[in-house]
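Both complexes shown next keep subunit A, but they swap its partner, so subunit B is in the first and subunit C is in the second.
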Partner chain A sequence: MTRFILKRLALLVPQLILVVVGAFLLLRLLPVDPVTQRVGIFATEEGRAAVKEELGLDASLGSQLGDFLGGIVRLDFGEAWTTGDPVFEEIAQRFPITLQLIILGFMVAIAIAIPVALYVASRPVGKADKGTTVYALFAGAQPDFWWGLFFVYIFFFILGWFPAPLGLLDIHLIPPNGPTKFVLIDSLLDWDIEVFVSVLKHLALPVITLAFVLTGPILKIMRQAAMDVHASDYLLYAQAGGSPRQLRRRIIFRNALAPTLTVTGILFGFALGGAVIIETVFSLQGMGRYSLDRTLSVDFPAIQAAVSVMAAFVLFIYLLLDVMYAVLDPRVRYGEPG
Partner chain B sequence: MLLSVRGLSVEYRQVGSANRTVTGASLEVPAGEVVGLVGESGCGKSTLALAVLGMTRRSGQIVGGSVEFEGQKLFDVSQGSSLTEDEWRAYRGREIGLVVQHPRGAFNPVKRIGEQIDRHYQVHSGASSGEARRRTLELLEQVGINDPQRRVNSFPHELSGGMAQRALIAMALSPSPKLLIADEATTALDVTIQEQILDLLDELRRTHKLGMIVVSHDMGVVANYCDRVYLMNAGEVVEHAPVERFFEEVAHPAAIALLAAQGVGHDHRAVRLRGLPVDTRRVPPGCRLHLRCPFASSDAGCSTVHPELSNFHDGHQVRCHRAADVTALAQAARPPAESDGGTDV
Partner chain C sequence: MSVEPGEYGAVGDAADMGGERSGDAPLPPAGMGAQVKELLRRSWLVRIGLFLVAVAVLLAIVGPYLARFPLEEATPNANLPPSTTYWFGTDPNGFDVFSRVLAAPRIDVAIALVATAIAFFIGSAIGLLTGYYRGWPGEFVMRIADLIQSFPLYVLAIIIVVLTGRNFQNIVLVIALLNIPIYVRLVRSQVLSLRERTFVEAGKAAGTTDLNIAVRHVLPNGLSPALAQVPITIGFAILITAGLSFIGAGVRPPTPEWGVMVASGAESIIIGEWWISFFPGVAISLTVFGFAVVGEALRAVFLREV
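For the complex of A and B:
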């Protein structure tokens, strides 16, 4: 097992380098000229050269890449062209907002999907099973921004249960300045219950939206995996061997979990990339909005840093899932001697 | 009587139809005896074996009959009585062990073999994990697994078919059941290992008075290890007899066909059932086998009257209108008396 993890970790290094260099190079292949973007098409040659130098684009591609990679090691992504602020600081402010949203969304989705899937798999073609199938189709068939708007309409506009979709905090509250940058955790650390509750309320609708869309596929895959275990010889044999019911439940859970994890990991990557939609609907200043805004304003340092950070995070999640999968299912520990 | 099964019927419900794969099967196993359950593929042997434990595969249902174990009724469909899930656990695995044909599929793929055998023993005996492990090692040794200390740490997919089969037998034997149902338990093994395992089981039956149901289509195994034979066809028991009698004076066409197909005692060209096994969703009127049977005749009522299981000799019952003729013809077809004497009646 240790060997498997070490091997998998060793694989992470070239993956990371590839992703970071890829982000850097692809950005420079884009058919946009950041200099023209800034000075316009009527600028003089001297003006263009000055801006080019200011942006650091006069250096060779190799030395730009070297600066970028060297900066990463020092956790310094340079200054953003649009704001002049350090990119690292900007991302440190925004990434937690997105992560907080996505992680909560996944937690809610998994907490609902897994027990429901286990239940319906034990009673296939029952009412509950049909109901969840319809739900999964329904939730998956409509785009998440639509669900977001729908929930805002119902729960804010009609029922008034949750606050307006404007940011994370009521306007009069001061955000905590804690160590984790996760408002939810920092407010708890400061024991500022008022802020904590306000954040919870503001997060509720985006989290519900995300969970509503994510529960469908997780439920479907877990249900199918659990059905496969139900139909398996080993479960039948466990019953014929007199295994107690709770032991058989554990067999079903454990064997159905591994494929579900894989799908969840893939969904996580998509959710991170698609966060911009929910962030826009709910006016959250997260990573999705940040990446989109900076891409539209051709802010090279911000874009390459944002892409690298998100990609690295997704790679890390994949790593975590691979390790969990290997713990759950010994058949994938291919690195181990038999 | 260790086990008596009476009139057992199992049905699989499919959309719009019901498939009765076992119909009114009865069977008895005395303590310490080995009963062979034979028949062509799909005749309902495995379904019957599982139904003894009150179980079916998904969508299946036991729709008739009863099972008694040591005089204790396990279930009786006509009275609507059955053990509860918890009461069953005193029989499943503990009193009645089951070994199936695909051993690697029978183990939980994500747990080590040793853990699974330990757990099986602990569930039934309440032993500590240390005791259970000792028992596991001892049994693995007994079934002929080399280096059990190392093998207990293997996962099911790391074992060869033969090794997994032996581990499964060790697991089934660990709570010392009184009845072992071996559903094609040695079919997948090569001949030498098959013999080792069968000899081991044979020894256990003598030392522990272990009763056994051996589900097989290998007539050699049946001839060598069984005391009594039950032959199934199209979901029905069509012949049963003490093993010597069965091979001496076989009376059902399906039995002759099975023996002939394996070249045991009879000329293979002599008797062959035509076509595919009977589809139990659409059983023909009369004898279920009459469309395939070379002996069938309308005079005897094969195509109109469903034959009952009736006494052919003492302790030898046959479900065939023409049993007497069949036996005579089969005897006549025996080599070397006749080299090409067909029995195409």
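For the complex of A and C:
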């Protein structure tokens, strides 16, 4: 197992470098001129040169890339062009907001999808099975921004159960300044129940929106995987050998979970990029909004850092899932084809 | 290629859902036309899906001519609820929501169709070449595909569209770029297994050129999964276009486009003016669902045929 993890870690390093260099080159290859963006088209040559130097764009591409890569090792992404603040600190503020949202969304989606999938897989072709299949197909093909607004209309405007979609906290509350930067956890650490409850209420609708969309694909793959196990020879063998029901349930669960994990990992990467939409609907200042706002203001250091951090995180999630997969399915560990 | 029943997602589920017969009856082994007919007869869901797709494509052609009011001409009649004059109400600019919902497929569906066509043709061609002629160029292409797919998709789309210019052409190209790797993979994996088959060897023995074998014999046999992916990509492209436009990184307002229209009502929803976002959103929801259903049905047909 240790060998497997080490081998997998060794693969991560070139992947990370590729992604970071890719993010850097992408910005330099696109036909956009950040200098003109700042000084306009009527600026003098001297003015342009001064701005170019100030932005660090006068250096050669190689040395710019070198600076960027060298900075990353020291957790220094340079200063943002729009604010002049260190990009690392800006991202450290924003990333937990997005992560908190997505992790909660996945927790809810998985908590619903897996038991439902296991249930309907044991009773295929029933009404419940048909219903969930249609739902899975439907939810996987929905505009999450519109459902977010729709939920706001129902649960805020009509029913008044949840607060307006304006950030994470009621306006009179002071956000906790804790060590984890996850407001939900930090408010608990401070034992500030009022803040905790307020955050929970504000997060409810964005999390429901996310879970509504995510449950579809997770349900679909888990149901299919569980049905495959039901139809498998090894389960038949276990049944013929008189294994207790409990054990057979465990076999189904474990074997169906492995492919589900893979799909969940891909979905996680997608959700991280797509967070910008939910963040827009609910006025959350997470990574999605950060990437969008800084792209609109052509802030190269911020954009390349944001993209690198998100892509690196997704690669890390893939690694984690591969390890979990190997725990669930020993064949992977020993290099046999799955 | 042999496909175990149930190996591919909801194979046959689309066919079975809501059918009068029990779901286990397999599709007849007859030709594809007969299978499609059988699928349509058996499943109300597939009928609905095809209907929605037909409406979307039809509106992409004639939608703008069905407008009851000028599409981009501001009027003082802002934020009026649905009435007999304004069937879906009006938005903050005083535009008629109904007219714009019908006109929008000219943008949304057109972008999706063009982008998908590009992704399909370029992706399949690359998949065929890298699968058939193995070697370092193929490996290099696959690493590029990996790279594209490891970036957060929406963020990549935002960056490219915003920095190159928010217009029809750039949105089409970005969506095509994001989907090309999917087609490369689908076709390549098929070709990799097909090229070991006897008919390829037979072709070689008969003196057929490599390119001829690849294009005329391997490709037609390996294209089914890519074709089944087409409606799914179209639906997904509509979601991306509308999503980008919703956050202000896609089509520019006041163009009649569903995402733009949902965004124009996003602020008034908290004061209860639901209709501005509601109707364009329903249009996106139904259209994308329609394409998803057709994709699922195509899979059922193609994968049984192989």
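As a convention for this text, the second predicted complex is superposed on the first by the 333 of 338 C-alpha atoms of A that agree within 3 Å, B and C clash if a C-alpha of one lies under 4 Å from a C-alpha of the other, contacts with A are read in each partner's own complex, and residues count from 1 in each chain.
Simple rule for what comes next: a contact is a pair of C-beta atoms (placed from the backbone, for glycine too) under 8 Å apart; a residue touches a chain by one contact, two chains touch by 3 or more.
These numbers come from a predicted model, not from an experiment.
S.K.: If subunit A is used to align the two complexes, do subunit B and subunit C fit next to each other or clash?
M.R.: Subunit B/subunit C on subunit A - fit side by side.
S.K.: On the superposed three-chain arrangement, identify whether subunit B or subunit C touches more subunit A residues.
M.R.: Between subunit B and subunit C, C touches the greater number of residues in subunit A.
S.K.: Check whether A:Phe316 is in contact with subunit B, with subunit C, with both or with neither, and answer first, second, both or neither.
M.R.: A:Phe316 sits against neither subunit B nor subunit C.
S.K.: In the overlay, answer first, second, both or neither for which of subunit B and subunit C A:Ala231 touches.
M.R.: The answer is both, since A:Ala231 touches subunit B and subunit C.
S.K.: Would you check which partner chain A:Gln239 touches, where first means subunit B only, second means subunit C only, and both and neither mean what they say?
M.R.: The answer is first: A:Gln239 touches subunit B but not subunit C.
S.K.: On the A-aligned overlay, A:Trp161 touches which partner chain: subunit B = first, subunit C = second, or both, or neither?
M.R.: A:Trp161: touches no partner chain.
S.K.: Which partner does A:Leu247 reach: the first (subunit B), the second (subunit C), both, or neither?
M.R.: First partner only, subunit B.
S.K.: If we overlay the two complexes on their shared chain A, which of subunit B and subunit C does A:Tyr153 touch? Say first, second, both or neither.
M.R.: It touches subunit C, and subunit B stays clear.
S.K.: Anyone got the angle at subunit A's C-alpha centre between subunit B and subunit C, nearest 10 degrees?
M.R.: Between the subunit B and subunit C centres, as viewed from subunit A, the angle is 70 degrees.
S.K.: In whole Å, what is the nearest CA distance you get between subunit B and subunit C after the fit?
M.R.: 5
S.K.: Would you please give the residues of subunit A that touch subunit B in one complex and also touch subunit C in the other complex?
M.R.: Of subunit A, residues 231 contact subunit B in one complex and subunit C in the other.
S.K.: Spell out the residues on subunit A that touch subunit C in their complex, using ranges where they run on.
M.R.: 15, 18-19, 22-23, 26-27, 30-32, 124-125, 130, 133-134, 136-138, 140-147, 149-150, 152-153, 156-157, 164-165, 220-221, 224, 227-228, 231, 269-270, 272-274, 276-277, 280-281, 288, 291-292, 295-296, 298, 303, 306-307, 310-311, 314-315
S.K.: Where on subunit B does subunit A make contact in their complex?
M.R.: For subunit B paired with subunit A, touching residues are 50, 53, 55, 57-58, 85, 88-94, 97-98, 100, 102, 105-110, 112, 119-120, 123-124, 154-155, 157-158, 171-172.
S.K.: Please name which positions on subunit A make contact with subunit B in the complex.
M.R.: 230-234, 236-245, 247, 251, 254-255, 258, 328-331, 338
S.K.: Which subunit C residues qualify as touching subunit A in the complex?
M.R.: Residue positions touching the partner: 5-7, 9-10, 13-14, 16-18, 22-24, 45, 143, 146-147, 150-156, 158-160, 162-164, 235-236, 239, 242-243, 246-249, 259, 262, 265-266, 269-272, 274, 277-278, 280-281, 284-285, 288-289, 291-293, 296.
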